[in-house]
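Both of the next two complexes hold chain A, though its partner changes from chain B to chain C.
Up next, the complex of A and B:
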């Protein structure tokens, strides 16, 4: 009896260990898809409110268009600014590459200037907000080593370590992924000293066309004590997209 | 009354000792509560308008106190070599991890962004120095990059390419000593061939605070020891001379204890209280003791001798104490808090010392065993060498009265000439001696860079008319007006409140029915237009004025460099337009500026923008770097720019003001000079009136003012002639001079009168005067002058200054008293001594 019990426990234990090893990649894969690859394409109004430590607010308003070239891989983005009114008509076009540097273009209407941009990394501020480019377009899962460190009733808690430490400012980050939607509800970035200095959190989720969709999220910079709220409005997925939308032709003639 | 008091003291000496003990213990117990304050900002009252503005600017533009780390190349052709840059990289990244350092604002080659042209017409945003270069050619390429970044050039790397710097912002300047020490350890841990210097005002202030402790702990007691040795030379009796030392110690402990207990911080000024009080506290006792020794023949009538001595000296001592105290109390008229506190507590200390002398010295003398006083009988000052010198001086005054008078008139003339040559100037960094590491760092870094001293020229837009316009439009629709009132936060700017209304309108639009859409869109357009109008510093015209101000600053030849929002916009604009130097200009439109800035903000350091302009774009700052922290130099910059802006007035709605530490130093210096003038003049008048009342004679009043007038003129004349800057320690010396010079004059004149009253013979009076009274005066002068020689070894310049001038003041006022007063009395004796 006793031996049988032990064997049973051991077997169960091994099975769950085995399951874990497969699961972590799957969790990360599904979280990546849920966050950045919903449908084949999407469009949403977005509004950012950047708040500094004194409570001063700045606003950025834009429409973001997305098209997936390959599920979980290359993607195209087009971001068209409408506010503040003096940056209206500013357009960013990004051809996100999973394996090499992204292609980026920029159009500044006041200078009537179209420009190809290259950036060394995607961890720069997105138009002065606390969001990084990477927070908007997604960080490729293969850049980090992931480890499932905790599983609660509702969440997976994953610790991710960068493969190239010199390319990023964090030592590691920790993601809290919702078991139902696979949306990362909370990401905390930890520095070399072991302090959490940056937090990305989902505040509101709605189901749109059957997809759980983040409607409100917030990035807090615990060092500067500033934060940025990002609100999405009127998101739509799987629309008919003109092929020319994600080409440089859209820079001067963005969709209305 | 004084007789009864002395009787009481002589009968119950133990009560006096007990009182003294209790006073000392209670006040000494308060001293550990000490709080050091080394912030030159505190030279100004907290609600001083310039200081408030400075702090407002500091918080509005999120400016932190900075430690400056500088590396000077010693081995390679330039600082752009792999070894030097590698070391800078290491130091910057390790320094960023020190707790208390604001890492996201740290400025180093490795922590700032670069913008460059790419082959094929693109532009590239990247870290300027993500990794230290491996080869000389990579290092040379970096040099070319920095040359193109006006905000970094000559700030992070010097124009002569020999030095590089790291600006380390810190959260709390009281931690700068610890942080600087940790940075030093990081530097020491690297094998760099470069010379490293660590400086910056917070380091200087913190180090200064530490040195002040050392001064109070070493120099003041050492001065006490010197005084003790001098007294021993005169009296050769340890038990006897312990008395004045006890009075001095108790006075210093009580005054410092009470001041600290009352919650006053110890500043450079009041850290000198001990040093000022010690000589003054000893002076009265020396008078009593000299007189006592002169009269003490045997032990039969000790009590009587003491009573006579105290009776003799009570009045002059009271008056000298009150006048000295007034000299210091007058400092309270100076609008500089540390100087006020200094004046108040030294003044109070003088009065306390007088009381202690009157109470304690008699009590002490009466309890001494006869044996302890035995040796005193063999000392008679009338027979000492000192007295022979005194007698010579007196004879000079009496026999060559006219010549003496002319001589002093000549000296006075030369002194007044010298006073007109005085340079008013101060610089807290120069409170350290020339070879102190902080002074060395200051000198070396300012030789290479555009300057480590900061001032800010702040431009603020007056936008009330835009607000009024908007409110008028809004008042047409009650709902909007009501919503605006509801959303508006008193603490927020109008711009921020308008934006809140915009967010509300946006939200409404989202849910609005078709009939409301037009109205809401109209409102949104109104708000947007208003917000654009309010963004004065996105307007190229405003930025152009900033450029002109910067050109003026540069043309003045008085500043190293200036940095502004305009530099930033022009740099990004140049790169957006292909990188050619001809494109280093402002965009033509406000939208052009806004879009350029949006690019700048897409960097690793978007928050840097807010060091130059407010988020509402209604106020901008020009960061002015100066190679000198001298108030004089700052004053020149301010007057140059005042003249410039008068001739080239800003756009109608711009107001220009100064802020920054270098500017604040200039403000308190001006306050100090004006305030010192007031306090000196008022103290002079009060002392003169007191003298006339004391002597009940206008003539004696005038005579009593002679030594202090001559001494003050001489001392300041000397400062003018030798070209020493008139700074804070020099300024307060006027009070000390006033107090001590008048001391000697009162003793001399009062005693002369008393003696004349008994003998009615001028010659005899003068003979007697040059026995004991002259001895007491010269002894006091010598004790104080020599007693303070340890100050000459102090590492802090203000202490050295005080030491040197204290000695000069003593010598000059003793000589003036002993030579000029007999000469004048001789010339005027028919008026002075009417029989």
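Up next, the complex of A and C:
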């Protein structure tokens, strides 16, 4: 009887260990897809409100179009800015490559200049906000080692360590992933001293065409005490996309 | 008065915005409206760093400028209007510049038309142009106006057609639009025939050209490898010819070229070549019309580290029939060398969450022993206010070289902008 019990516990233990080992990759994979690969394509109005530590505000308003070339892999993005006035009509086209550097173009309307731009550090400010490029377009899961450190009733808590420490400013980050939607609801970035210095949090989720969709999120820079709010409006998924949408033609003639 | 009204309106708008909670949920500016408008008011001042005795005043920039853009988006077309109105303290007069007045529409699903006053740009160079023969405003560029003013508008028809194999881009300018070239009014320039620098007034005042300009580009992006072929039929964009009456004029010119651009390593590499054919000069023997030229450009740019970008270019101008030209020249001592080499470097650094931009662009010619430095610092305080300070510094060992002739034009400037 006793032996049976021990065996049962051992078996269960091993099973759950095994399940965890598979599960962490699956959790991360599903979180990545839920955050950045919803449907085959998507379009949304978006705006950022950038607030510094004195409460001064800036705004960025744009329309973002996305198309998945490969689920979990290559993607195309087109970002068309409408506000503020010095970036009105500026268009940003990215052919994101999962394994190599992206191809990027920027269109500056006042000069009618279609500018090929080199890939930049992905952990720098996106259009002057507290968001990084990587927060907007995704960080490839294979860049970090992931470990499931806690499982609550509603969330998985994952600790992620960078494989290349010199490429990033964090020592590790911790993600709180919703068990139902697999959306990362809270990401906290921790420096070498063990201090949380940056926080990305989801404020509001709505279900759009059956997909749980982040409608409001917030990045806080705990060092500068600044933060940025990102808000989406009228998102749509799985539309019929014209082949030319993600080509340089859209730089001069963005979709209406 | 108009300026004050606009400014008042804009400030009123700003006040409205500061109310409400952080998400300001109803304020999705202009999304529903078919009309969009934006603009700015700018006050700027610039002065020579040394004295040009040809001018009574050493001020090179002094203006209160109102820039305004309107756009109307219809389902089947786009209408664009933009203009600048400013008081120019250097010329002591009001100026107006209509920069855009055009309609854009698409037909057959693969062709885009743009008809009317517009600004056009193509080619791979950074402030060096081989196959982009659209009008440029060198006066604004040298005086320290916003970089956007380097490009001048033209009344033109542009159509761009997209095909599977390659794309076609054609710009027709019925009545040629020359550059806004250095003419002596604001900056002096070198005259080989007089062996000196002249200025202080509009010393170059040619008759406007009337030829039609045709500019054609065939281009394709093959998985990030961008290739293009170019052809141009029109004029020299500056009046560098002298006719039988002794007046400056715009000689006829053709140009043919090609470019290639792709990502290599961490950066972007580009190469561009062009043949500029002087139509009114066959063998280099006419001293009043510059010879044909080959032009070559090699460039590379990349992010050196976080927010610091660096761009390097090598540029060559090769004059054909150079010996014949020297033999026939009235001032051979002032003629450019057969091969004029130029190297440019650009550094751009952004700090304070992109609010502060440090920039330095340098042209240096080892053959002419001259250089042109363009440092600037821009502080974008918020979505409304921007401050810029910068300079245009020319230096050369001789006053007849391309940049050397502008040594007395060297200036520093400051700009304050309120945008709405």
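A few comments on the model shown:
Convention: the second predicted complex is superposed on the first by the 255 of 256 C-alpha atoms of A that agree within 3 Å, B and C clash if a C-alpha of one lies under 4 Å from a C-alpha of the other, contacts with A are read in each partner's own complex, and residues count from 1 in each chain.
As a convention for this text, contacts are C-beta pairs under 8 Å (C-beta built on N, C-alpha and C of every residue); 3 or more make two chains touch, one makes a residue touch a chain.
The structure presented is a predicted model; accordingly, all values stated were derived computationally and were not measured.
Residue contacts after overlaying the shared chain place A:244 against chain C, while chain B stays out of touching range. In the superposed model, A:120 lies in contact with both chain B and chain C. Of the two partner chains placed by superposition, only chain B is touched by A:192; chain C is not.
Of the two partner chains, chain B and chain C are each touched by A:49. By the document's definition of touching, neither partner reaches A:174: not chain B, not chain C.
By the touch criterion stated above, A:111 is placed in contact with chain B and with chain C alike. Look at A:229: by the touch rule set out above, it reaches chain C but stays clear of chain B.
When the shared chain is aligned, chain B comes close enough to touch A:90, but chain C does not. Residue overlap on chain A between the chain B contacts of one complex and the chain C contacts of the other covers 47, 49, 56-59, 61, 83-86, 88, 108, 110-111, 113, 116-120, 124-125, 127-129, 224, 226, 233.
Residues 59, 97, 102-104, 118, 120-127, 130-131, 492, 496, 499-500, 502-503, 506, 510, 528-529, 531-532, 535, 538, 573, 576-577, 587, 589-596, 598-599, 601-604, 606-607, 609-610, 614-616 of chain B are the ones that touch chain A when the two sit in their complex.
The part of chain A that touches chain C in the complex is made up of residues 45, 47, 49-51, 56-59, 61, 82-86, 88-89, 95, 101, 103, 108, 110-114, 116-121, 124-125, 127-130, 216, 224, 226, 229, 231, 233, 244, 247-249, 252-253, 256.
Contact residues of chain C toward chain A in the complex are 17-18, 22-24, 28-31, 36, 38-40, 69, 71, 73, 75, 104, 106, 110, 112, 118-122, 124, 147-148, 150-151, 160, 162, 167, 221, 224, 226, 261, 263, 266-268, 270, 301-303, 305-307, 309, 353-355, 380, 382-383, 386, 419-420. Here chain A touches chain B in the complex through residues 47, 49, 52, 54-59, 61, 81, 83-88, 90, 106, 108-111, 113, 115-120, 123-129, 133, 166, 192-193, 223-224, 226, 233, going by the rule given at the top.
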